[in-house]
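Listed below are the structures to be examined.
Both complexes shown next keep chain A, but they swap its partner, so chain B is in the first and chain C is in the second.
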Partner chain A sequence: MEFCFLRILKLTMKVLVMLLLFLGNIRNSAAYFSSSSEATMHTNNWAVLVCTSRFWFNYRHMANTLSLYRTVKRLGISDERIILMLADDMACNARNKYPAQVFNNENHRLNLYGDNVEVDYRGYEVTVENFLRVLTGRHETAVPRSKRLLSDEGSHILLYMTGHGGDEFLKFQDSEELQSHDLADAVKQMKEKGRFKELLIMVDTCQASTLFSQLQSPGVLAIGSSMKGENSYSHHLDSDVGVSVVDRFTFYTLAFFERLNMYDNASLSSLFNSYNPNLLMSTAYYRRDLYQRHLEEVPVTNFFGSVMETIHTDSAYTSFTNKNFGGAKTKIFLGQSFSSSDINSVRNSDDEDQFNNLTAEEDQHNEVGQCIFCAMDSGHLWSVIIGNVITHESVDFFVCYGLVLMLPLLVFSTWLSL
Partner chain B sequence: MTKKKKVQWFWMWVIGSVTLRLILVYFPRNLNLSSRPEVSTPLTSLRRLAEGYWLKRSSMSPYAGSMYHGSPLLLTFLGPLTVTRIEGQPDQLLCSLVFVIADVISATLIRAAGRSLQAAYSSSLKVIGLHQLSETSEVLPSGDFAALVYLWNPFTIIACVGLSTSAIENLVVVLSLYGACKRLASLAAFGWVLATHLSLYPSILIIPVILLLGYGPDAPPRKLFQQRIKLEVGNSSSIGSNNLKEELKDQSSVLKVFAWRLVVHFFIWILLWSSYVLVLCGIYLQKHGGLQELYRRTYGFILTIPDLSPNIGVLWYFFAEVFDFFRSFFLMVFHGNILLMIMPLALRLNHRPCFLAFVYIVISSLLKSYPSVGDSALYLGLLGLFSYELKDIRFSFLLFAGYVGVSLLSPVMHNLWIWRGTGNANFYYATAIAYALFQVALVIECVNCMLNHDRMVTKLTTTKLKDAKS
Partner chain C sequence: MFHSVICSESRKLIAQYMLGLDAEVTYHNFYPQLNQFHPLHFFTSPDSSIISKNISCASIGMNTVGIIRAPRGDGKEAIVLVTPYNPKKVVLGEALSLGVAYSVFSLLSRVTWLAKDIIWLVADSQYGEYSSVSAWLREYQAPQFHRVVVNSETCNESSTIEGKLYSGFRRAGTIAAALVVKVAEDGNHFDDSLNIYAEASNGQMPNLDLINIVNYLAVHKQHLRIKVSKMWSLLGSKWLNTLGVVLECIGQYARRLNPQWKFGIPANEYVEGTATLASSMYYQGLGVPTGPHGAFRDYQVDAITVEISPKVSPTKMNRHIDFIFRGGRLIEGVVRSINNLLEKFHQSFFLYLLTSPSKFVSVGVYMIPFALLGAPLPIVAASLYMFSSKTTPQAPVASEVDFSLESWKWINSAKKVFVIHLWGVAVSLLPYFLCRIPGLTPTNNLTVWGSFAVLSLVILFSMLGYPTSVAVPSEAEKREWANLKSVTLSATFIGLSLMSVINFATAEIGALLIVPFCLMARPLMLDIQARSMRTLLLATCNLALGFIAFPPCAFLLLKSAFDSSGGYNISDYWNWMESLWAWNSATYLYIGIVHLPCWALCIHILFHPS
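For the complex of A and B:
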């Protein structure tokens, strides 16, 4: 009788779990298919900063990119999430009066080429092909991870491009061009591969806004420093260095960000409204038809920094759900030493935690679901019973005694059958 | 009746082999045998066991990271021994001692099994009237020989000193065969359950064990007994009917009737021991996935062969090349290869279950997924048990030279490939193929020789019967 009851109980629990999994999956797959990125959570920020021009007289493009690199790092994005592409080396150029230093202002207040600048693509590696490979993620197998854009469907990506451009193109290295439809295709591929949740494209070239005129993918916001037929101008000439050191658009962008720190929640609309066409000597045009959210609600740190919501938990990680985490979890454990009381207190809340996780909307990792499925098979009830009877430390002793007990049992049984 | 000769100073030889192992354990320069692929496989390596034990103590599953793939019972038993260090003694001394003791126990069990086999065989030869043959079969103390061959076999010594858990696996296999020879159902069940639990392949030994328990140890073909009984009945009907019943009783006691009761006991003991073992394992792994995790990581690992590091087997090279699409097909083919040989051999050799067990062990050590020299150690030791029947084996020198050659060349090729880089995988795999070929030649030749022996016995019996009739 009890066996029947147990079997029915197990069966109903299995059916329940299957239903929950099924519903959860439907929800997630529906969200995926509807191509609105509301179901996925924003988990990380990436920045791809590209300077496309070489030669000494294009110093200002390098300084633009490096200033934005500094800003983005200051507001929280770390080097491993930044792909910095510089087409030429200004800091160690033979014509640089201040070796290993790059300035974006004639007051030389800030050295942009400080101690911890990590350039991922340098010199002749900055090509249209490499740029598109970075965006789409289609690299040769030997390309190291630091040169890859390892974003996922929860990433917000800032793409900043500066250099010489024109009507529907951007010039790379004075020898090749990136066209607007190439960029649109790459962004479309990225969207299909789920490589970003939201993308902000910022272009500082002449006739910049033509570069993103062909974009169609949802979730993309783009701003360019000038419209079709307009030039973008440099801000000022540094007579000491001998060249123009910064462009107007980037100068005013930096002026906006220098007033901010990581905890301000200035919105994108305030950034976009801060550009004065008279000061810029061009019209900064932004394109928001592909972007669903209201710009007043989006803080700039969504793209230019990395401010993540932290969730505080008191309990230690347990090792029961490590079937699929396997390798990842072992890394976590190496540094920790936990007492058995932690494990005891958490073990009982295991089941509730797992059920809660499954019903939570944000968590769409299938691993949790699989763990529940494994836990709920026929062994689970038995292990719950045993778990309540035998505590953690005594398991080893119990098994040891059981093993040792086998020998006298064997001798006894042999004697019986003799 | 000639006296049964014992090997003089048997125990002296045993102590000598133990001393040799201890010398090798205490060898001043590190022999590093435990890192050789021929000795330690992902299933038998003691370093992996130590890793699994450490993982368990850090409250993780011992199977995490795909290091350890053995039984949790071994983990409980050998795990604490891998961490205790005694000052001034070599590392893993306690584990080496455990393996040495396991080897000695295996040798004594082989000796006892050999004795009972020999006694049973000579008495069955007497029953069918071949008294001279029965006397000559007792001249050679095959049990002692087999035990000493097992102990002094370089493969066994290397497997023991190289800290491979195959010593314990061999022990439980020999234990089950011994229990079956002595017709102790619970001992045989215990050995079989543990052997299957530790490594999957001894599960095919259930057929010879059942045959041993049912029919008794090796004997000439059963039809010879039936012919003998007919003859005896015929004779006794002419002598007189009062002796008839006693004669018939004597004959039917040696007539091979299948002992069903014993086999049923055997199965009951299997159930008991296996549930005991599984309960212990389930408790041990309750936090880390329970029995499903156990099966996935031990039997699943053995059957799906995810680890393709080189060894003396023939499977790693093949599965490194096969396309993913066909991988499961070829897995089924390779494992089915072992399974397909079970039935025909059982049908042909069902009157010699101990020899059948030997053949199964050779085949499984040839085709198993992660073979090592410890597996060859087992069957080479058991080979000695049949020294009387196999005395006419052909190519014995060729096979011996082949084994020696392969065991010398294989480490050389491995070194050339891995360490010097002047060779490649084909060099090493060639020695693996040669090794497999020699094993195949050995087993075919042994079966051939055994069948020839059976034919000789049959011929002698029928001529004797014809003489008796006429």
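For the complex of A and C:
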């Protein structure tokens, strides 16, 4: 009888150890899958908004950038995820008739420079060097987190730039130039470092399309306000302020977004089709060959807003592959009663119970080493379980089985210890 | 006494109005500087230390200056508004210009967009508009620390204005641009219009952008007609109209051949453009500023004079408010445009000739005809030199030394050319001494000047050994004229090239006169001896050109051609020359040192015995 009891105990221990080893294995395999970013979920949104010119007569560029800043904030990207680079010499310029206010329309209804404008890089900080540092994330140690682009492989990034440009370059504050090679190189580095999932580059300058010519990295979508050899024009002059206050391309982009709210489902292609070359006085250019998804299916809020699908996952520390968890399958999981924290806590308590049980049994028998050895011994059972996992290819199925199996074992062992 | 009371009262009134706008107000006293001929002061601003000490209080000019500080500006730059105004004889036009400037000034004292300080200079124009502005500018730009201090308390009663006036000279920042505002006395009966005067000393022009701003704002915002000066006599001339019609026809034909060719312009536009171009070139070539704005250009400040010319005369005008409103809107727009700039004007042209208020000929285009005119000079000089050295009868060359002497033959001619140029310098310095002799009329002056010039030339030629026509000239002497002409052409070329750098318009007009004569000049003897139709025609041409290229003749001919007012007097030439040196115009130097000697040399070649 004693012998029989010991055998049952051994079997129990074997199963438990198997289970522990197996759970560890699941975690490893999940981590391995997530390293390829194409398959990563879109988890967050960032925006980098750059006004590359300064001086009073470039008022419209600051107004462009601030307008877009306001739009993406309205559509849900929070300030901490917006890197705003502005020369910022307009609002308090002595020439400004409306001190500390910036307008993008001559009706003056909307003050873009109202409350809550967080400028991350200001004045002479807006340099090519800082711009590239922000993109590639190579900062000096003293740079605060608020000035860094802390994106990851699940990020959608909107990069908006406006200023004066030419054939394959963009001027930064009349003193430096960003070349198309520099931009392409920075984007490539970002890709390699897994700093974005998808990147939308929107540029409003003269000959904007030339800035994209060197891009190679997949997942990049680019929109420019004009083709090579074309100028991008300002929309209208505000005779009260005394200068042009907005550029055409940005004006019509904003006009498109003013009709939208956070929950609208307008697609990127509807944005692209809204540009009328006659109104722009230039031809908007889209480079989509690096972008895999169909533009008809991508909502604009994927870049200009921060609207996430709410997904219940059953594991807190793992990121999940699109293949298994995306789309329709999400709903199935929503249908199940397990939430991730539930499962987690259940498993933890189980582990603790098992451990408690184990120590209790150790005290009784002092045969722990032997037990583990026995478990190692029965290799054929291990291979059978692994085989099951591979054939089923459903981890959760197995976990559920394991949990169900554990219940009678738990009852049995408590009964024994009584 | 009565005048001086009016003066001080009107000054005080202006100062009080300025003070009412919270401006910083000062008076600026200056001594009127009479324009005198200072041979050493060409290209330099006159020195204010040359002030005679016995100037009384009554003859002191007094500018009133008001400064508005930009509330949020950095105080490093300023814009100047100038209204010339004669307190001794106030006319309604000047009073209206004060009104326009005051309305602008009072607006600017309230606006929030000022980035540059505004200076309103009410220039005391009793000794001329230019001298008062230039005196103020000299003080502003180059303060004199040990000058004769005018005791302002004894000379005026400025202290009576509630003690709010600042004593001493007040400055704002670097002057970005200046605008002289005037209102014309007479109505022009057509339309409210705006005259622009831009020429400063030695043909310098303000940046074209300043003219463009005024033109744009006046035409598109205030619906004023813009005018720049024209040669009115050209407008009616038949040959120019015919030329315009011909060009229009060619243009239309060309467009039929290829729609891309669009060089044809309507005939009347062509005529107007030519008249404006001629005037623009004349005033640039003259080198005399066309208004007080010229004083600013001496300090590299862009400035123009805008003269608002109302439809009806200000005395008959019954809508002064409306007029001031319109003028004020224009000035406000210009001031705001300049205020919004970050740098001085530099984007557009400084070297241009106007063909209409909105069209111009830039330096790149107008250099071409001058280069084409000048290019034959060195080529012909070289060919003449080759000709003279080749056709010299080659005596059997005894030694190397002889041969080298042969090739240095031009030294003789060069000596002659150099001496004639020295004579030119002497002739141009003579008026300096003539001015010192009191009580000479212009005609007398001109006679003395002319006779001295001729006399000295004759003496020089006799000293240099002018070959007399009595003796039979040797073969070498016969060929000497070619050598002389070659050196003359070179000297003319160098002179014209130098002048084109200093004042292009002068060089262009001068080249038109002197280059054909230089190129065609050859001894009349040769032509007469040949006795063919061609050579006789050539001789006639030479004589005609020689007549036209003579400076006084050229002046009188041009005057009679373009000035329809009539009454041509030889003394006009003296007056004209006097105005040139009084304004330190380089044109005077050009006429004396380049044009006259070259003309004399060509005449010498013309009468060369051969």
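Assume the second predicted complex is superposed on the first by the 271 of 418 C-alpha atoms of A that agree within 3 Å, B and C clash if a C-alpha of one lies under 4 Å from a C-alpha of the other, contacts with A are read in each partner's own complex, and residues count from 1 in each chain.
Going forward, a residue touches a chain if its C-beta (ideal position, glycine included) is under 8 Å from a C-beta of that chain, and two chains touch if they have at least 3 such contacts.
Because the structure is predicted, anything quoted here is derived from the model rather than measured.
By the touch criterion defined above, A:T414 reaches chain B but does not reach chain C.
In the overlay built on the shared chain, the residue A:G242 is in contact with chain C alone; chain B does not reach it. When the two structures are aligned on the shared chain, A:P144 is found in touch with neither chain B nor chain C. Judged by the touch definition given at the top, the superposed model places A:A94 against chain C, while chain B stays out of reach. For chain A, the partner with contacts to more residues, out of chain B and chain C, is B. Of the two partner chains, chain B is the only one touched by A:L403; chain C is not. Shared interface residues of chain A (contacting chain B in one complex, chain C in the other): none. On chain A, the positions that touch chain B within their shared complex are 319-320, 322-323, 326-327, 329-330, 333, 338, 343, 347, 374, 377, 379-380, 382-383, 386-387, 390, 392, 395-396, 398-400, 402-403, 406, 409-410, 413-414, 416-418. On chain A, the positions that touch chain C within their shared complex are 55-57, 92-99, 242-243.
Chain B makes touch with chain A in their complex at residues 56, 58-61, 64-65, 72-73, 76-77, 179, 184-187, 190, 265, 269, 276, 279-280, 282-284, 286-293. Residues of chain C that touch chain A in their complex: 70-74, 111-115, 336, 339-340, 342.
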